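Letters A, B, C, D, E and F mark the chains in the order given here, with residues in each chain numbered from 1 onward.
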Amino acid sequence: MCLAIPARVVELMDEDMARVDLGGVRKEISLALVDEVALGDYVIVHVGYALSKLDPDEAEKTLALFAESGLDLQAIAEGSA
Amino acid sequence: MQANYTRPLDLKRGRVDLSHGAGGRVSAQLVRELFARHFANPALDAGDDGAVLPAPGPGERLVMATDAHVVSPLFFPGGDIGCLSVHGTINDVAVMGARPLYLSASFILEEGYPLADLARIVESMARAAREAGVPVVTGDTKVVEQGKGDGVFISTTGLGALPAGRTLSGNQARPGDAILVSGTMGDHGMAIMAQRESLAFDSEIVSDTAALHGLIAQLLEAAPSVRVLRDPTRGGLATTLNEIASQSGVGMVLEEKAIPVREQVDAACELLGLDPLYVANEGKLVVVVPAEHAEAALAALRAHPLGSDAARIGEIVEDANAFVQIRTGFGGKRMVDWLSGEQLPRIC
Amino acid sequence: MKYVDEFRDGEVAATLAEAIAREADTGRRYAFMEFCGGHTHAISRYGVTDLLPANVRMIHGPGCPVCVLPIGRIDMAIRLVLERPEVILCTYGDCLRVPASDRLSLLKAKARGGDVRMVYSAADALALARKHPEREVVFFAIGFETTTPPTALVIKQAQLMGLANFSVICNHVLTPSAIMTILESPEVRELGTVPLDGFVGPAHVSTIIGSRPYAFFAEEYRKPVVIAGFEPLDVMQAIRMLIRQVNEGRAEVENEFTRAVSEEGNLKAQALVSEVFELRRSFEWRGLREVPYSALRIRAAFAAQDAERKFDLAFTPVPDNKACECGAILRGVKKPTDCKIFGTVCTPENPMGSCMVSSEGACAAHYNYGRFRDVPVVAA
Amino acid sequence: MQANYTRPLDLKRGRVDLSHGAGGRVSAQLVRELFARHFANPALDAGDDGAVLPAPGPGERLVMATDAHVVSPLFFPGGDIGCLSVHGTINDVAVMGARPLYLSASFILEEGYPLADLARIVESMARAAREAGVPVVTGDTKVVEQGKGDGVFISTTGLGALPAGRTLSGNQARPGDAILVSGTMGDHGMAIMAQRESLAFDSEIVSDTAALHGLIAQLLEAAPSVRVLRDPTRGGLATTLNEIASQSGVGMVLEEKAIPVREQVDAACELLGLDPLYVANEGKLVVVVPAEHAEAALAALRAHPLGSDAARIGEIVEDANAFVQIRTGFGGKRMVDWLSGEQLPRIC
Amino acid sequence: MKYVDEFRDGEVAATLAEAIAREADTGRRYAFMEFCGGHTHAISRYGVTDLLPANVRMIHGPGCPVCVLPIGRIDMAIRLVLERPEVILCTYGDCLRVPASDRLSLLKAKARGGDVRMVYSAADALALARKHPEREVVFFAIGFETTTPPTALVIKQAQLMGLANFSVICNHVLTPSAIMTILESPEVRELGTVPLDGFVGPAHVSTIIGSRPYAFFAEEYRKPVVIAGFEPLDVMQAIRMLIRQVNEGRAEVENEFTRAVSEEGNLKAQALVSEVFELRRSFEWRGLREVPYSALRIRAAFAAQDAERKFDLAFTPVPDNKACECGAILRGVKKPTDCKIFGTVCTPENPMGSCMVSSEGACAAHYNYGRFRDVPVVAA
Amino acid sequence: MCLAIPARVVELMDEDMARVDLGGVRKEISLALVDEVALGDYVIVHVGYALSKLDPDEAEKTLALFAESGLDLQAIAEGSA
């Protein structure tokens, strides 16, 4: 449920509107539900509204956590080799 | 006085009205000043009820295909209903392995449609026919009241010549065969969707509408063993593959990562909750070819400008249930079923 | 697509799969429910199950607002649009094909002459009302906490503009109440009958409500909850985190989706929602029957925007097909293939129960993506 | 579970919806359970994008003709859009002197149209094709939103084989030739008009819709010198004669009293202020034949059930202005011009 | 068709032609105007001219209500239907193609989205108003005295029914005033400039108004009038009767159409018409300009049914094409072929003047039925 | 102008309506504008309304007048023969 996707704000417009970019596709959305969005921020877009900002640091951390399992695996593989 | 004078059509400000379809002097004028002028060829110029045409060569069979074109909007990035109606039917003839020879065109116009726009459509259609070398040899035009049509509908029928001994059919796929596509999936459908008022987004996506008989000729020369050709239009690649699977009584296993999809098409699909495998194409081929000739076929496709993104995307397997399976880029497996209902943007 | 593609990486998936296989205790079985249709979709779409060990089983929950929408609510909208030619009924694409009584759906009501229009956004519905002052524009709003704030916004805007011809049929429902209902079901309560070792918590719902509301389940029912993004790597990581909690005997709320979900959620959106909406005492969920305090209705202060009041719409419950096993499937007791009419009478084109209604329902997801596993490959 | 079950179409209460045209599983079902079932023939049954067909015999040329059918109401005394769409196109092929071989059919359906009525139309179409011995070998179906169509539109394209040496064309009329018609004028158009809500009157007028290739074969055998054949459809006899006159660059002189018109058609025309010479026919022929073979041609027409009211109605004269003149039953002379605009009932 | 076919008999026509030829004085010329388009149509359609001696010439009058309808009245209806989407404008088929300003016509306004519908009868317009209470049904009524009584009837019925959504744009015009205008034209008054030896009087107009109103012309202007049916034998007989009057120096009103026309006409219809309508002080006729007391308007008592009042419609006169010779043609001074743009700029598909508008106009009749006489037969 | 045609009344109906026959074609029309129409009468029909009755005797007389000219002609022809 709740199809939403991170997109980058490429233009701030009047009336809480913004243009976002997703893989080269651009769409006007509303920022009325989130505060303090800046150009270049990623926001999570749902039915034409930004629901929240996306935190790039946290995204990196999560990706690092995934990778961690890879490292573990590698370590173990090496250990067992 | 002039014995039979008619003031020329007002192609700037005029609009289609019911008299253009009533069969009288105004209908004849529309045919003469618009259709015949742009489509000009001897068979059409004769002005008879039907076109008289040379038959195909000895030993050749005929291929006949038809499509109704009802696209909205009528003009879209990369094309319009005019060229689309030429390409769509040429492709249906060409995927049977036949040399497309002639087209017929039947127009259903809505009262009030601007003649200037109609003229653009007819010009585009004539250009597409000329470039493809497949003339529009006969036609018909009807006008319906406003609110009983949608601008312009065009039904085209194509006629082609099928060389002796060639049999391409959806029922020819055999386990072990390779499945190829001639390029990226979903461009046409997404170019259209981007124009819909309710979804509007900006992108550089353009329709892939194109006549494929040149590409096909090159392909069949390089790989005469090709078993199935089809253009994955409405319903997209997914549905076309299911059609072939069920006609041939075989299964398929696809490799998701191998299926070419443009980044922007992918992104637009994400935005709308759609799957590019179900989005229409109008200038792409699905090819089923024995595995041993797959690389030759692929090379032939890639050597043609319309096939530069061609890819080998999977193989035919034994399966009387005719399931199409796919190995996801993620490492799992799932089915790719027929399009169910129609493609509607989702929020969930 | 940045922040998307990285979370779908097949190579990372393989390493995560290894990690899960390593961490899962081969001596026991794990059963986790992904509440959200978004997770169900990701699991089916990417074939996540193939990457999980055999003793880890995912149960598809009721988290698809289309699936849980009761027939009677659609009937209500259909009656409205067919009886009143002045009404333009607009709704999200998802709602159009939901089957209602008399073999109708909003799409079929449209075919019978009802002016039903698809919108991409609540804002489009509002724009339609401004464009057609001579018509009554009714927005049929569905969705969980994620989709509710935009609806609240347009209702407020309509009131501010004095837009008399815009109103909303509110079908917004609440995630925590539904989770509670599942946890309160006899099969789950009587330990052992149904194994339910934890929840993958909602992604986008949680961007609005935050992670805090789930603490109650973790503490009260001793069920681990891991909030996860809707990408397949998010799901796998959440499963890994759930396995760890189970293995370690913990029952906590953890957040895998920290890039978008905070503890407190989107306070601005929450404030807007409580200004415009209030709790309904009870609401019918398809497959779960009546669920107390599980939905929202429009406050009296916005009565002019409430289509149910404006057009005096009455809800008439319609029983589900008797053969339908949705309730049991949603509670994890049965699987789609346990239903006698799965894939015959009940198919995506003619859904009999809620789980077949949208591609995020358990039965539809299995039908569309997984049914090939149920029949042996037969040589032609 | 069944691997690929679909519940049969509800042909009693169901209605066309957008999914019937989306190209997915439901579209395939509509084709299978309705179109393929009724049209059944090997070329169509193959289920490919185009039909593969035997070519005509050696020395023969092809004739291709197309028509869009948009009649309202869809069912009328004597027929419906289904059989009409078969007859109309067969006739356009046959008047070129060709043996009609194959038809294609393209449907544009309006969302909400009752499937039961669609089934009646398809059955009628299949019956007409069967009786004419001209199978529908390929087709296409699109669905448009309600208010963007008018129930059912059918475009058909026909293919025929033209024997070596035969040339029938509107440009073949020569001064001195006789002009014949195969029967009464205006029956079809008036049968339709009687059904229009705004004009409603009661009569026994029925459409003359019929496939004419049998009649034509008989005619051409008896009078191989026939120069022009045409079916006077939209625009009626008047417009058809003007077309021929202008294609051939000749004039015509008609004998009003000789033109057969049913009494009720005549009366309905009086009521509505119309002229039967401008009212459409769908089962009649105009024949231009050298005077010396006119009687043989007339006899051949009259010997066929579809030509029993055939009559010789005038002659070709020299006139580069291509005027069609008529000697009125009253004793005067006037022109019979092209239909101007469309046929609207008059009060003045 | 009884009482129709007998009056079209070619053999009788031949004997009548002989009689006319015999009775016409070869030493003089006769010029008669048939006022009505119905006669014009019969003459052209049946080729009556071919049966007349060369010294008997027929002049086509202005008696076609479509031809004389000024552009500004159609403009008025087009503005109404295009500006107000609630309006259904209905009218007789004849009016649909009449050209208006900006290359429009009611048919083209329909193509631009105006809800314009053809009706066969005024009663159908009334029925439409009852069927669509949510719409405004406006009946654009044209016609001479013949067509006026049905309009009067539906206006009265609408008032009785209290049908608030039905109104009429009244364009009904009067025959005697038009005849008078022609007789008052300088060319006709100055004897000798234009020969006008008598009138073939209206058939169906006279069924309503009777034969009496023509007496004035006969007496005051010394012009014979013969009222004649619309069948070709009626016309020939009337010509014969006119020739006799001229030969005998008489100027009387005679009635050839006694089977349907009495001296006093249809009193019931006359009463109805004067109850509902009153004279307009002046009205523009296309081709004749302003003609005093030549048309009807709806009385104040029926103001609710008067679309001109209801929608505050204003008439803006539009000048005819400068090259157009209609006025002179209608007065018998010129023939269609005397117009420089006949058959080139001005054709039935693109009429420039009133006489080309309907097939009953002098120019259109000549174009459609007679233009072959203007060019020599050319060998191919 | 004013297309109208004589038709025979074949059925009298409620509300001043009647069915008329013209060469086998039947149509409902209104008799509201004429009085005392009987079954079998011929009426002149215009835009769905009877405008007047047709007098058969007068029609005969008119036809006789036409014929008269024929008789004249013949007489003259004979006289000149």
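In this section, a residue touches a chain if its C-beta (ideal position, glycine included) is under 8 Å from a C-beta of that chain, and two chains touch if they have at least 3 such contacts.
Quick caveat, the model's predicted, so the values are computed rather than measured.
A.B. asks: In the touch network of chains, how many steps separate subunit B from subunit C on the shortest route?
C.D. replies: Shortest path length, in steps: 1.
A.B. asks: Specify the chain pair with the maximum number of C-beta contact pairs.
C.D. replies: By number of C-beta pairs in contact, the leading chain pair is B-D.
A.B. asks: Using the average of all C-alpha atoms in each chain as its centre, how far is it in Å between subunit B and subunit E?
C.D. replies: Each chain's C-alpha centroid was found; their separation is 55 Å.
A.B. asks: Can you compute the centre-to-centre distance for subunit B and subunit D, using the mean CA position of each chain? Integer Å is fine.
C.D. replies: Subunit B and subunit D have C-alpha centres separated by 29 Å.
A.B. asks: Approximately how many whole Å separate the CA-defined centres of subunit A and subunit D?
C.D. replies: 62
A.B. asks: Between subunit C and subunit F, what distance separates the C-alpha centroids? Give it in angstrom.
C.D. replies: Spacing between the chain centres: roughly 77 Å.
A.B. asks: Two or more other chains touching the same residue: where does that happen in subunit D?
C.D. replies: Subunit D, residues with two or more chain partners: 3, 18-19, 25-26, 145, 263, 266-267, 270, 273, 321, 323, 337, 340-341, 346-348.
A.B. asks: By the touch rule stated above, which residues of subunit F touch at least two different other chains?
C.D. replies: 1-3, 5, 22-23, 46-47
A.B. asks: Enumerate the residues of subunit E that touch no fewer than two other chains.
C.D. replies: Those would be 1, 4, 37-38, 64-66, 92, 120, 124, 143, 147, 349, 360, 371, 375.
A.B. asks: Touching residues of subunit D toward subunit C in the complex: what are they?
C.D. replies: 1-3, 5-7, 10, 13-19, 25-26, 111-112, 145-146
A.B. asks: Considering the complex alone, what residue numbers of subunit A touch subunit C?
C.D. replies: Residues of subunit A touching subunit C: 1-6, 8, 22-23, 30, 32-35, 42, 44, 46-49, 51-56, 58-59, 61-63, 65-67, 69-70, 72-73, 76.
A.B. asks: Applying the document's contact rule, which stretches of subunit C touch subunit B when the two form their complex?
C.D. replies: Interface residues on subunit C, with respect to subunit B: 1, 4, 8, 10, 13-14, 17, 37-38, 44-51, 64-66, 92-94, 96-97, 117-120, 124, 143, 147, 232, 348-349, 358, 360, 367-372, 375, 377-380.
A.B. asks: Which residues, counting only subunit C, touch subunit D once they are in their complex?
C.D. replies: Touching subunit D: residues 103, 107-108, 110-113, 337, 342-345, 347, 349-350, 371, 374-375 of subunit C.
A.B. asks: Spell out the residues on subunit C that touch subunit A in their complex, using ranges where they run on.
C.D. replies: Where subunit C meets subunit A, its residues are 1-4, 6-7, 12, 15-16, 18-19, 22, 36-38, 63-66, 92, 120-124, 143-144, 146-147, 149-150, 153, 202-205, 207-208, 229-230, 233-234, 237, 240, 256-261, 266, 268-269, 272, 360.
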